[in-house]
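Got some structures for you, see below.
What follows is a pair of complexes built around subunit A, which joins subunit B in one and subunit C in the other.
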Partner chain A sequence: MKPFELVNASSLSSALGALGQAKGAVAKAGGVDLLDLMKEGISAPPRLINLRTIAGLDKIAAASGEQGAVLGPLATLAQLAESKALAGVPAYAALAEAAAAAATPQIRNMATLAGNLCQRPRCWYFRDADYHCLRKGGNKCFAHSGDNAFHAIFENDKCAVVHPSAAAVALSALGAKLELQRAGKDGKVATRELAMADFFVAPSKDVQRENVLAAGELISAVKLPAPQAGQRSAYIKQKQKQSFDWPLGEVAVSLTVTAGKIAAASVVLGSVAPIPWRAKKAEAALVGKAADEALIKAAAEAALAGADPLDDNGYKVPLVKALVRRALTQALVSK
Partner chain B sequence: MSSGPPIRRRPTGPVRPGQQPQVNVIGRSIRRFDGKGKVTGETPFGGDLAGPEAYTALVIRSPHPHCEIEDVELAAARAIPGVVAIFTGDDIGGTNRHGLIRRDQEVFSRRARFMGDCLGLIVAATPKIAQRALEAVKVSYKELPIVATMDDALAEGSYPLHETGNVLSTELIRRGDADSALAESDVVVNTETRTQCVDHAFLDREAGMAYMEDGVVTIYASGQWIHEERRLVALALGLPQERVRIIQPATGGAFGGREDISIQIYLGLAALKLDHPVRIEYTREESMIARHKRHPIRIEYTLGATREGVLTAAKVRILSDEGAYASTGPAVLRKAVSHCTGPYRVPNIHADGVAVFTNNNPTGAMRGFGACQLAIAYESAIVELSRVLKIDVVELKRINLLDDGEGVTTDQKIPVVGVRDCMEAALRRIGWDKRSYETPAPHLRRGYGVSTICFGVGYGDGFPDASRARVRMADDGVVEVFTGGVDFGQGLHSLAAQIAAKELGVDPLAVRVVASDTHRTPESGSSSATRQTVFTGNAVRLAASEVAGQLLDVAAAYTGLHWDDLELRGNAIAAKHDIAGHEDRTVVLPLRQAVRLGRERGYALDVESCFKPRTVAKQKGTGKSPRAFITYMFASHVAEVLVDIETGEVKVARIVAAHDVGKAINPQQVEGQIEGGVVQGLGMALMEEVVSEGGFMKNASFTDYIIPTIVDTPTIEALVIERDDPEGPYGARGVGEPGLIGTPPAILGAIADAIGTQVHETPANAERVWKAIKRSERAGDGASA
Partner chain C sequence: MAKRVKAKLGFPGHIESVEIELPPGEPAPWDADSKLAVIGKDATRHDALAKVTGKARYTTDIKRPGMLYARVLRAAHAAAEVQQIDVAKAKKLAGVKGVVVLPVRNARFVGQPLAAIAATSEDVAARALALCKVSYKTRPFVVQLDDAMKAAAPAVHAGGAGASAGAGKSANIRKSKSRRRGDVAKGLRAAKHKVEATFRTQVVLHSSLEPHGIVVDYKDGKADVWCSTQATFAVRDEIAKALEIPVARVRVHAEYVGGGFGSKFHAGTHGLLAAKLSRQTGAPVRLCLDREEEQTATGNRPDSLQRLTLGADARGQLSAMKTVSYGTGGIAGGAGTASPLYNLYDCKSKAAVEHDVYTNAGPAAPFRAPGHPQGAFALEQAIDMLAERAGVDPIAFRINNDKNPVRQAELRRGAERIGWDARRNKKAGGGAKLGAHGELRRGIGVANGLWYNTGRARGEIHVKLHHDGMVEVISGGQDIGTGARTLLAMVVAEELGLSPSAIRTHIGDTSGPYAPGSGGSTTTPTMSPAARKAGYRARLRLEALARKVLGLGDDAALVFADGKVQSKDGGKQISFKKLCARLPEQTMTFSGPRAPNYKAYRETTAGVQLAEVEVDIETGVVRVVKIVAVQDAGRLLNPLTARSQVNGAVLQGMSMALFEERVMDSQQGHVTNANLEQYKIAGAVDVPEIDVQLFDVYNGSNSTGALGLGEPPIVATPGAIANAVYNAIGARVMALPITPARVLAALAAAKKGGAR
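Right after this comes the complex of A and B.
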């Protein structure tokens, strides 16, 4: 690991200022992924701006009335998993479940929401300094000809990484918005708000980045829409072993059921594509119908339509189908 | 006896030596004396020993799995302030070679055969400087063709990895006439089993230190056989053995993974050349890349039987990936072949094993040592046979399991075969006859699997295998045990104390154990091959009982009683029973006094003993041996699993593991070994796999190489069966390896029971199980969603 400077920020605006000034300065939240990348020699930022020293950024504000829940970017996965404002609200349950299922108890205590969204992919070629792959500025995706059991089955023609964030899958299903801030030229803070779908970047657009964050820009809040009557959500993850492991596949769904019919549906697949993968065909198959086993099966088929596995990851197709069925069933039976 | 010497009568007061009833020390779960320090974190391990003044050494490793090293450019690295020295092959005085069976690995390689090969050793003032120096080293090399797989190795014109070509060794068994017997069999089944490459994944990474003391290179590093490691260090460095001292610190796990040399030679070289303390500590990634692994083995198995289910013949072909160097490979192959029919009565056997070199990690010792891969194969063939014959697996086993006095694969006749006792006990515990197939959800299937396995204890096959131990009475009356045997967590040193305590009638926790120091302790051989309970246990027992005899002589002379009327108990020598003239059993001579008297009379009370049973080398042409191993262990596991037939996920609900250990000297330690073996076996059965791609290891971290945690661990019930071994201490036979060996076949059998078809490749991860379900659906049998 190369030496670096650590700056403890005291407020969000000072952090934004520090990030805006120094070239190459990078925000550090829990540091779980950042330090991993630095130790592995994948990145070597000269200066880290520590966000954990800023008070109040881990706040979770419960939904009330027309106002949805607002999550501080520094809320840890452990906090999200245990928060009554999420786990206790059927519409938000998927996020609490996703946070609870990620990584290990120790990591969940360190890992933050924003860090989880902005972590870099887990591809073992990308993570190995000896492979100068497409995502690192090289000219080849080694997974295409290599061992690709854990890689993408959608949008994998350029770079076959899967997006690693569980929170991203759940937030996409919940229709969350991200509030981003950066220090403007005038010294004032510039704020913009993006839907999840507009935040993540597919390889066809830019193979070297996973999101649209500009230099010096931070996620300052994550905003959930207010829960709808009859809305419930669920998250399901399949691992290689029962404890602490990355997903082979994961699914988050949100359903709004009124008068026995599905009024709104979102189905998002994780660990299958370089971005959280919205299964629009499955959503279309669900909306306006009364849920039964046949419908759930049809939705699962639709969710995986168009999947194009590589040599070693064909198993993800039936696996994720089963997960979609289970996530839908779980959301439907939850009260 | 009226005018005999004065005899001390019952003393008063709280301390009453000799008065406690003779409690049985053997068979009691005595607390481990090293337990508290380890639990509280006070015990230093290899990485905790060096002081701040010690230099840090860092290994320069090969940039490529197979290459000719043209140049290692060191000038830039040497110029970095704080870099003390960089050593290469030019600096080493001895053979520059190591290897347990063949000295085929260079300490500093000029031609690298896998990614772990070492090209040079950086020594710097601090770890950071060493790391910077490593980054400044430039290696130029010529790539050589990579032999990535066993098929590559055997392909015509494959690039030879060693002068002798790509075949390391071959083994065979020829018993009876398997071909004719198969031709005449009513049924014949064929299976092909593929086992994976497994890492030992011990938590205490390779770490240690060395310094010079009176011209002796003194190395603190964790191995499994310090005296052999000393020989190898001396050889590589060109020193007489007396100038090398190895001391083993507390060690967190080994599992065979510390049998090959790791950091010892590097540490010794740096300390010798620089006359300064030096430390090494591998990172997890380095530990995984540098260390040997468990052999991936491919086994083609043909098994014949009569219609009634009586086994007739086995034909077995074994192909084993040795990786880049021999390590203990030839012995692993022999163990695989010599255990190829397990605990079954198979009159005709035709087995061939071939071990080939590749550019993968060298493969060598790991708990199970070839026998565990073969257990997966023979149990898979038995399950297949049971399916074809429509005879319940347990019935089939009952028909074919060996009985006392019958011969195993090598035709060695085993006097005590406890396998049936184990199986019946395990079946009773799980409630076999009333087992339920109910599941909580329609996509789940329940299944039960039974394994029955055997394992030869010790090195065997004529290898001169011995343990020495020394037992001495210190002047303060404390019993001292000296053993060179290493304890990496299994409890050998506590066991040695317990045995000495039993023979000398003292409290086991009061025994002083001096261990694992080549300058102070006698050679006790390797802590491997499930051998130390029998070997070092016997050596300690012999030495301690001889010291006990001397003490009884002293006491007899002193008291005028016959030594046969005396015994050692409660820190004293006391009368065994009421003796005429000595009305009660209170006649005592405190141990400390006996030691003083003994020394005055010229008794050394200091005995070194050796336990060296003989085994017989295999017969050329048949591979048979009347005594390949000194004794055999038997075990049976029953696993209960739930399989998710939509995703292929397997959850192990329960494992019952019954082991005939002869005698459990310390039952808690025995159960601990069985439980640990079960968890490690579960990892092998379901999740662990070293993934290599053209010689590059892809998952050298615990993020990507996954091992079971407590969350993945089912209920484990260890059943200890005790049928005395004729040669073990107090009838004990050992316990280390079979707990692992019995687990994968039980789990795989349970999966097959649940889904109606077998998974023939380990680990049986969700994907492989799912694919097996789909294959059998297509074939029109098995489970369906």
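Right after this comes the complex of A and C.
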């Protein structure tokens, strides 16, 4: 690891200021991914701005009335998993389930929501500094011609990484918005709000980045829409091991059922594409219909339509299909 | 003079009276009639508290005044001529104190050691590595077994000693061993039922929690060495050679070892580099490998490609067994897997041909029962396939084809424990649809195991009696987690009528008496008889003294129990402590050299396992629900640590069956998962119910009757799990690990091929 400078920020605005000033300065939340990348020689930021010294950024504000829940960027995965404001609300349950299923207890105690969303892919070629791959500015995706058992089955023609964030899958299904802030030239804080789908960047747009965050920009809040009557959600992660393991596939769904019919549906697949993968055809198959086994099956087929596996990851197609069915079933039976 | 005694050997229900010739001066073996106070009863590990409280100091914990930290410079290419290693810049970096460059002409795998640098901190050493410049002339390389076997494959040992290509043949294939008996062709012609099948297993990494590491403190022609090793004396000799000093001037300490599993028999290149750096700098040098180095360059269990042909007659009696196997352990190391087939089952005609295949990857090292879990995975599935064709129940088939009474009894015990008749699916894949979505299928399978060792006539133990009644047991060998420290104390405690906790064992210091490396599951059967011999000699001396002190006749029998020595009728007694106070010397040392083996009831251990699994047929995910492990190991000295060995082996075997696999990249020759994150190892939640059924067999092979136990319980695990998976889903997975991808593929193939 290269030597670096650590700055403990005292407020969000001072952190934004510090990030805006120094070139190459990078925000550090839990440091779980950042330090890995630095130790592996994938990144070598000269200065880290520590956000964990800022009070209050881990707050989870419950939904009330028209107002949805608002999550602080430094809420840890452990906090999200245990929060009554999420786990206790059927519309939000998927997020609590995703947080609880990620990583290990020790990591969940350190890993933050924003850090989880902004972590970099775990592709073993990307993570090896000696492989000068597309994502690192090279001219080749080594997964295409190498071992790709854990790689993407959608949108994999350029770079076949899968997006690693469990929270991203759940938040995408819940229709969350991200509030982003940066220090403007005038010294004022500039704020923008983005839908999840607009935050993540597919390789076809830019293969070297996973999201649209500008230099010096931070996620300042994650906003969930207010729960709808009849809305329920679910998240399922399938691992090879029962103990800690990265997912082979993940699915998050959110369904709003009114008068026995599915009024709104979102189905998002994880660990199958370089971005959280919205299964629009599955959603279309569900909306306006009464849920039964045949419909669930059809939706699962639709969710995987168009998958284009590589040599070693064809198993993900039937596996994720099963997960879609299970997630839909789980959401429908939850009250 | 050799003495003849009768001993009751065997196991309950099968006890025989056997005449044994004892080597001169040896005690009669503990047999079925021996009434023992300590042996055979659970004893907590003497080092348990130190280990769980963190007091135990492992090699990585050692700090010496003025100690330097060393790192290894490693080859960046899988095959290259090393033209120059330029360390000039590194030497100039502030804090760098020493550099040793190895005379490497050819790099043959990514991660091969080239040089080492000692510096004032780990960080400085790492930065110095980055300043080294190595000029390579790269060559084509090969990292996969199948690729290396092709005629046109690059020769891994090109440009050096090793294979040379024959016309139309890969230079990387070396026939390593060929065994045959009877007439296999004839046996196959006579067969009514036949199985021909190809199996594959993966490369598995030892992944010891404590990576390889060493601290060498060389001063004034003497060296103190702390090393994470399973062979203290081998390390001593290698370090002495590297430093060109007599072995007596090297003292190796290995009080605690965080796992070895076969990978730690040597000082290793890093150890020799550390020794040379210590001599060069005149300072203690620590060189502990990181996880990536550990998973890349310190050993592995070779993979395998096994073609088996089995034949049986109409009644299901085996008529021929044949295996031809290939496997790669990288640039070196035996990959044979044929021993289970050659040594299990009574069949007149057998052929076993093994080949090692070189690849540009780190060298293999022995790994818990080398070759055996791989070989049994193939063999035990093929046996089940044959039994199915012959219409015979798998357990009945095994019993019919193997006269070993221990294994037969174990199979019956195992069948009872798992509920074989009632709970196993009569038709593979025909079980109930379980789970919330009807997606789960349960299945039960069985596999045989075997192991060989009865210990060797090597090594020695010292027992020291002190005048205050303190007893010390001393061995220069090591306890790599098998409980040796506790077992040696137990054996001496039994002999002297003391409690094991009253005895202090010193272990892991080569200033003590010689002990061989802990390999082949020989430590307990080799060292426990030596401990008994030393304790027995101490006892003889104390008996003579007690007779005098108690005024008994020269032949009067004495009982040593509960810390007392008394006449047989109990009329006269003296405490052990007071008796020691009457010894003529302050301290008396009794040496117990390991005698040659007596006559064994059986030279081998059996061991069978039964697995129950649950398979999700939609995702292909397998969960092991339960393993019944029925295991003998001669006379069981400490059932508590014995169960712990079985638990550990079953977990390692299960992890190999379902998860572990080193992945090599053919593009740049790296191990893609040289960490414990993407190299999948079973964790706490994966642990099934393990029903350990210890099977005491009174074995007259040595004075304690103990056989080895470290390796045997891993042999059957993958095969039992694979057979259980078949019973659950009606499709066979012919390769390890049994991943979701393989399960789904097997299911899809079975569906296509129709029900069998």
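Everything below uses one rule, namely that the second predicted complex is superposed on the first by the 335 of 335 C-alpha atoms of A that agree within 3 Å, B and C clash if a C-alpha of one lies under 4 Å from a C-alpha of the other, contacts with A are read in each partner's own complex, and residues count from 1 in each chain.
To be clear about the criterion, contacts are C-beta pairs under 8 Å (C-beta built on N, C-alpha and C of every residue); 3 or more make two chains touch, one makes a residue touch a chain.
Only a predicted model underlies this, so the values are computations on that prediction, with no experimental measurement involved.
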### Query
Counting only touches as set out at the top, which of subunit B and subunit C does A:Ala221 meet: first, second, both, neither?
neither
### Message
Quick one: is A:Ala93 in contact with subunit B, with subunit C, with both, or with neither? Answer first, second, both or neither.
### Response
neither
### Task
Based on the superposed arrangement, let me know which partner A:Gln242 touches: subunit B (first), subunit C (second), both, or neither?
both
### Task
Using the superposition on chain A described above, determine whether A:Pro318 touches subunit B (first), subunit C (second), both, or neither.
both
### Query
Who does A:Ala9 touch here: subunit B (first), subunit C (second), both, or neither?
neither
### Task
Examine A:Trp124 and indicate which partner it touches, taking first as subunit B and second as subunit C; both and neither are also allowed.
both
### Message
Residues of subunit A touched by subunit B versus by subunit C: which partner has the larger set?
### Response
C
### First, second, both or neither for A:Thr329, with subunit B first and subunit C second
second
### Message
Between subunit B and subunit C, whom does A:Gly146 touch in the aligned arrangement: first, second, both, or neither?
### Response
both
### Query
Overlap of the subunit B and subunit C footprints on subunit A, residue-wise?
122, 124, 128, 130, 146-147, 149, 238, 240-246, 248, 315, 318-319, 322-323, 325
## Note on the structure
Per the touch rule above, subunit C residues touching subunit A in the complex are 76, 436-437, 439, 616, 618-621, 623, 658-659, 663, 665-668, 670, 672-673, 677-678, 680, 682-686, 739-741, 744-745
### Task
Could you pull out which subunit A residues touch subunit B in their complex?
122, 124, 128, 130, 146-147, 149, 238, 240-246, 248, 315, 318-319, 322-323, 325
### Query
Touching subunit C in the complex: which residues of subunit A?
122, 124-125, 128, 130-131, 142, 145-147, 149-150, 238-246, 248, 312-315, 318-319, 321-323, 325-326, 329
### Summary
Interface with subunit A, subunit B side, in the complex: residues 443, 646-649, 651, 686-687, 691, 693, 696, 698-699, 703-704, 706, 708-712, 765-767, 770-771, 774
